[in-house]
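Paired with chain B in one complex and with chain C in the other, chain A is shared by the two complexes that follow.
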Partner chain A sequence: MPPRTCALCANNRAMLKRPKTGQQICRDCFFYVFETEVHNTIIQSNLFKPGDRVAIGASGGKDSTVLAYVMKALNERYQYGLDLFLLSIDEGITGYRDDSLETVKRNQQQYSMPLKILSYDELYGWTMDAIVSQVGKKNNCTFCGVFRRQALDRGAAMLHVDHIVTGHNADDIAETVLMNIMRGDIARLGRCTSICTQGEDTIKRSKPFKYAYEKEIVMYAYFKKLDYFSTECIYSPDAYRGHARVFLKDLEAARPSAIIDIIHSGEAFEIRDDLKATQKAQQTCKRCGYMSSNDLCKACTLLEGLERGMANSGITDRARKRLDAEGPAPDNLRTIPFYQSPSGAASLAVETAPS
Partner chain B sequence: MSTGDTITLKVEFSGGLELLFSNQRSHKLSVPALVPKKYGDASSETKPADITFLIHYLRDNLLKERVELFMESDTVRPGILVLVNDTDWELEGEGDYSLKAGDEIVFISTLHGG
Partner chain C sequence: MTSCGNPATEQDALMHRRTKFDKARVCIKCRENPGNVVIRHAVYCKECFFPMMAGKFRKTLEPAVNPVPDGPRKKGLKPAGNLCLGFSGGLGSSVLLDLVSRSYFSTYAGEDAKGGTDHPRNTSVWKKATVCYVEICGALPGTRDRTNEVRAVVERYKHFDFVPLRIEDAFDDAWWEMVGGRRPEAHFNVDLADEELPMTSAPAASTDSIAALRAYIASLPTQTAVPSTIQTLVRLLLLHTAWATESSHLLLGTSLTSLSVSLISSISQGGGYVVREEAQEEWQPTVHIGAKRTVRVNRPLRDLGMKECAVWAWWHGLDVIGKENILGGRQGIGALTKNFIVGLERDYPSTVSTIARTCSKLAPKDGADTTCVLCERPAQPGVQEWKARISIRSFDEPALVSPPPHLKKVLVPKRESQAEAAPQHSLTPRLCYACHTTLTSRSSRGSTSVSAHANSTPLPVWVVSQLGSGDGEQWRSRKMEESDMKASLAEFLLPDS
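Take a look at the complex of A and B:
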């Protein structure tokens, strides 16, 4: 086939076909439209204000590596006035996270951004390796997901940031829409397409790549020769998400706009008020002070099960009853350090990070 | 072009795909210039070697494990990007692109965690 010229500049040779629009464009126009679309998403959603301290949740993988690069570029180009930080969670998975953290440490140098690494071991006293040796590979993703969410908030509080941005992309969000439909999780379906989530007590979280296709993120990283790490977690993957992902990729192969179309469908769902009302009211965990919809937050429940040698008590009701039958938690039980909400007056006393 | 001719190519795997190919990202290889139209059927008519042939060839000669993560129904699995000399293969005719000496073909998985 003869080389085609770029549909935007009509000058250079086209080098990729945009999945969102089908346009064939050159490398320079691709950089420009990719970055500008992220900028437009940020501006239209009013994500930041000048002076904000923003942590980039960095795993060393492609999405967060590209996010760090693009956030730095846009912050300089459009003078957002943001203080940017890298925040990484070390789950303690030998041969996986230790390698990807090396990538984040290189990113810290390459992008000259301060980096904070918070480990499960430091926060909970358990690495994922230790958890898996206790619970096996079946339910370990539950522990990892609950622990990571809370660790990101706590790491962000240590950095005194106002805001966490994550590398979730359009494919991830479309997948989540599909999963929530298939699970009948209507409450989550209603909120999973929001670009920004903020509870009263939590640090603001947002997804500047909400409309960025995974294909374009990978092409961007390839053309810019960005340094990222790609290996699947060595422990069992989230099987249900895996099915949704394969299904979505098949849809995308047949019709590339499928991803953005599913997100638009998700955004258009209107959740009835009586369904929203079934969500439990938020309170704070009696043991660690983190937000929770029960007396104990999920992380404290899971940690108590691990510490008392009944790890499943955080997973099934039956195991929970067995644990309760053994009596109350012992006084010397290891607990998570008390969480002070960064929005509260006590926020300045939060700094507990080891230097 | 006679039947004995070969084409030398550079093939690269990244984004996690290299793990299926002896954990080696870059490979130099030679493939026949003319190949059967129907892969593996020496009695069928010939065609110039194209990317569809290369994908099968890589599966049979370089792939070490888990073929289902690389191929699905005669092409790469959805979610694997292919670049021909740094250009998206969707602009080059995808599997029908005829290989030329010195071509660099890159396979990148987008399916790994971010």
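Take a look at the complex of A and C:
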């Protein structure tokens, strides 16, 4: 059987079957279409303007490693005029984050991008290892998720950047659409397909890989010989999300377009007008100044529970009532440093790549 | 017992497992009889279960009976037309037929009537009721024809007319004329091997509708597309039958469980724009047929789970024939979704109702001014541009800002048949996202058996009718005869004398 020629250029020998379209294409055409689609996503959504300082949320995993590479390439090719930074969060999970942070440090040197690593320990006074030792493995993902989101914003504020880009890919977004429907979380369902989210006084956050398949990201890393760490969190993964992920993989196997089809569905609907009014208004946390729907933000609520030895108070209403019944928080309670809005001056020096 | 001891050494240290139903074993409703069934943590006795179920059914249906929905139910039920029931032979539709018959078509008459003459049970809310069954064995070779079994079940209910259809009727001009459509002047074939879905004029309609159906099914790009296509064809056959029988309501036996499955399945196939229609819709034919009216599609069992339906059928001794599994095997999106939802319901029991409740809070983002010619549901504008932007399938596309750097000259592969052909008309712009994806999305696992018809696939009659009707895009041309011109100006011309 003669080798197949690329379905796009009809010139080179096809090297791969593209997961997104099923087309058999050559390696160079794959690089080109992958990068161009990310560029189209950026341009269509007007994500950046020249001079923007952009932090790439870097975990050392495949998505953020490829994101850093592609962002640097596109910034140079299409002259976006961006100042790019790497921002990593160290959750404090022994044996999980150590190796991947090494990857991020290597990326810092390869791409000559300044790197900032912010740890949970530094910010909250608690590592995930310490949190798990108190709350167990059941609800630890709640702590990690809430703390990471806020840590990224705080790290970005320290770097004085305008924008954070994260490596969320099409599979992640499709999975989140399904999860939000199944959990009945209409507020998140309404915004989870937005490429860019920005509240008042918060740093713009966007997902340039919104339409990039996870398999294609792995394929890109493989052909570009980018090294990354693929490590599953050692603490129990979110079982419910795990079910949704398995279902999505089954759908993708049956019909590869299913991932994009779900995202298209998510973009096509919105919350009914009469229900929008019932959504909670955004305010700022009275304790730390971060955005919140209540008097205290979720991170402060969780941290107070940890500090007072009642970690579940941030998880269940019953535990919260028990905590409230014990009286107000003591004055010497450890709290999160007050949030400086991005308009403030950069408060930390950053590690720069050696020249 | 609230011991906090060591479970390894103390037997009592473990807490008792919480029972799945309420504390008592007595019926939650009458509080007298021992319970016979547990429905979502609540215990019911047999006597209380029936009115509870019938009440929930009526509470879902009745607000949608009058032409202006959600009005006060006390003012009486006055539907604008007749009633049509979609019957598949499955559990849901068997229970629906039984409930409709018991609730609205009395078997009592005259002085024996219970509840007075004005009670809904003793007067027919709808003047005429039809049960429509679509036999799908034509699309699934090797499956049996169940029409006679279904007929026997429906004939047990006195007040219903039985309308048996076959799925191949979707390609039959005679059926189309019977439901009020006009025999199309021209026929078209579509090339499903090309993502643009170019159309060509066909010399004449195929007289063999089953051959046309099988050619259509065989041309689909994946096995996954087959169940979705069968569902669309059955839905349109039912809707047109409801229209032809002057029905204002088409009732379907979709239970809460099946509704959640179909919602997730539809969203997984790109049907997010019509998520509202998946639960309830107002439909009228896209091609003008007769007076202006609508068919309201309602699913009165949507608040009742599969378990309640099964218990109702068992205690009433209903004969549930069963239906062919059209959701597809391991490769069907519907089958995968059903396995997922039913499995999830075991560990997270509220998932099914949460899905339906969440989806009822959604609305399409932008207004649609077009309708898909295939499924006749609202179609979102700009779908093709969106597809081209997010996945580049050719270096010809306008979304491409600069040529690939590794190629000095872009060589675009051309299919031989397309290279020198005259400009063709495409079905693509007239389809919604979900239908276009069903007809074009390919699988890395390979397609259905390669069809000789892929390049000239026949289309369902309502699609042909819309393409030839001049509604929307007009792309056929013919020389105007003098008589035609005169006819179009008739009301402006004065008589010669």
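Here are some notes:
As a working rule, the second predicted complex is superposed on the first by the 340 of 355 C-alpha atoms of A that agree within 3 Å, B and C clash if a C-alpha of one lies under 4 Å from a C-alpha of the other, contacts with A are read in each partner's own complex, and residues count from 1 in each chain.
Simple rule for what comes next: contacts are C-beta pairs under 8 Å (C-beta built on N, C-alpha and C of every residue); 3 or more make two chains touch, one makes a residue touch a chain.
No experiment lies behind these values; they were computed from the predicted model shown.
Taking chain A as the reference, the larger set of touched residues comes from C, when chain B and chain C are compared.
Of the two partner chains placed around the shared chain by superposition, chain B and chain C are both touched by A:Lys17.
In the superposed pair of complexes, A:Gln282 makes contact with neither chain B nor chain C.
After overlaying the two complexes on the shared chain, residue contacts for A:His39 are found with chain C alone; chain B is out of touch. When the two complexes are overlaid on their common chain A, residue A:Ala253 makes contact with chain B and with chain C alike.
In the superposed pair of complexes, A:Ile262 makes contact with chain C only, with no contact to chain B. When the two complexes are overlaid on their common chain A, residue A:Ser230 makes contact with chain B while staying clear of chain C. By the document's definition of touching, of the two partners only chain C reaches A:Val177; chain B does not. In the overlay built on the shared chain, the residue A:Ser133 is in contact with neither chain B nor chain C. In the superposition on chain A, A:His243 contacts chain C only, with no contact to chain B.
For the contact definition in use here, the residues of chain A common to its chain B contact set and its chain C contact set are 17, 250, 253.
Against chain C, the residues of chain A that register as touching in their complex are 5, 7-11, 17, 19-23, 28-29, 32-33, 36-37, 39-41, 43-44, 177-178, 180-186, 189, 211, 240, 243, 247, 250-251, 253-258, 260-262, 264-273, 275.
Every residue of chain B that touches chain A in the complex is listed here, in rising order: 14-16, 19, 77-79, 81, 83, 86-88, 90-93, 106, 108-114. Across the interface of their complex, chain B is touched by residues 1, 4, 13-17, 24, 59, 61-64, 167, 169, 171-172, 214-215, 217-219, 222-223, 230-233, 245-246, 249-250, 252-253 of chain A.
Those residues of chain C lying in contact with chain A across their complex are 222-224, 263-264, 266-273, 275, 330-333, 336-337, 340, 343-344, 348, 351, 354-355, 357-359, 361-365, 380, 386, 389-395, 399-401, 404-407, 410-413, 433-434, 437, 441-445.
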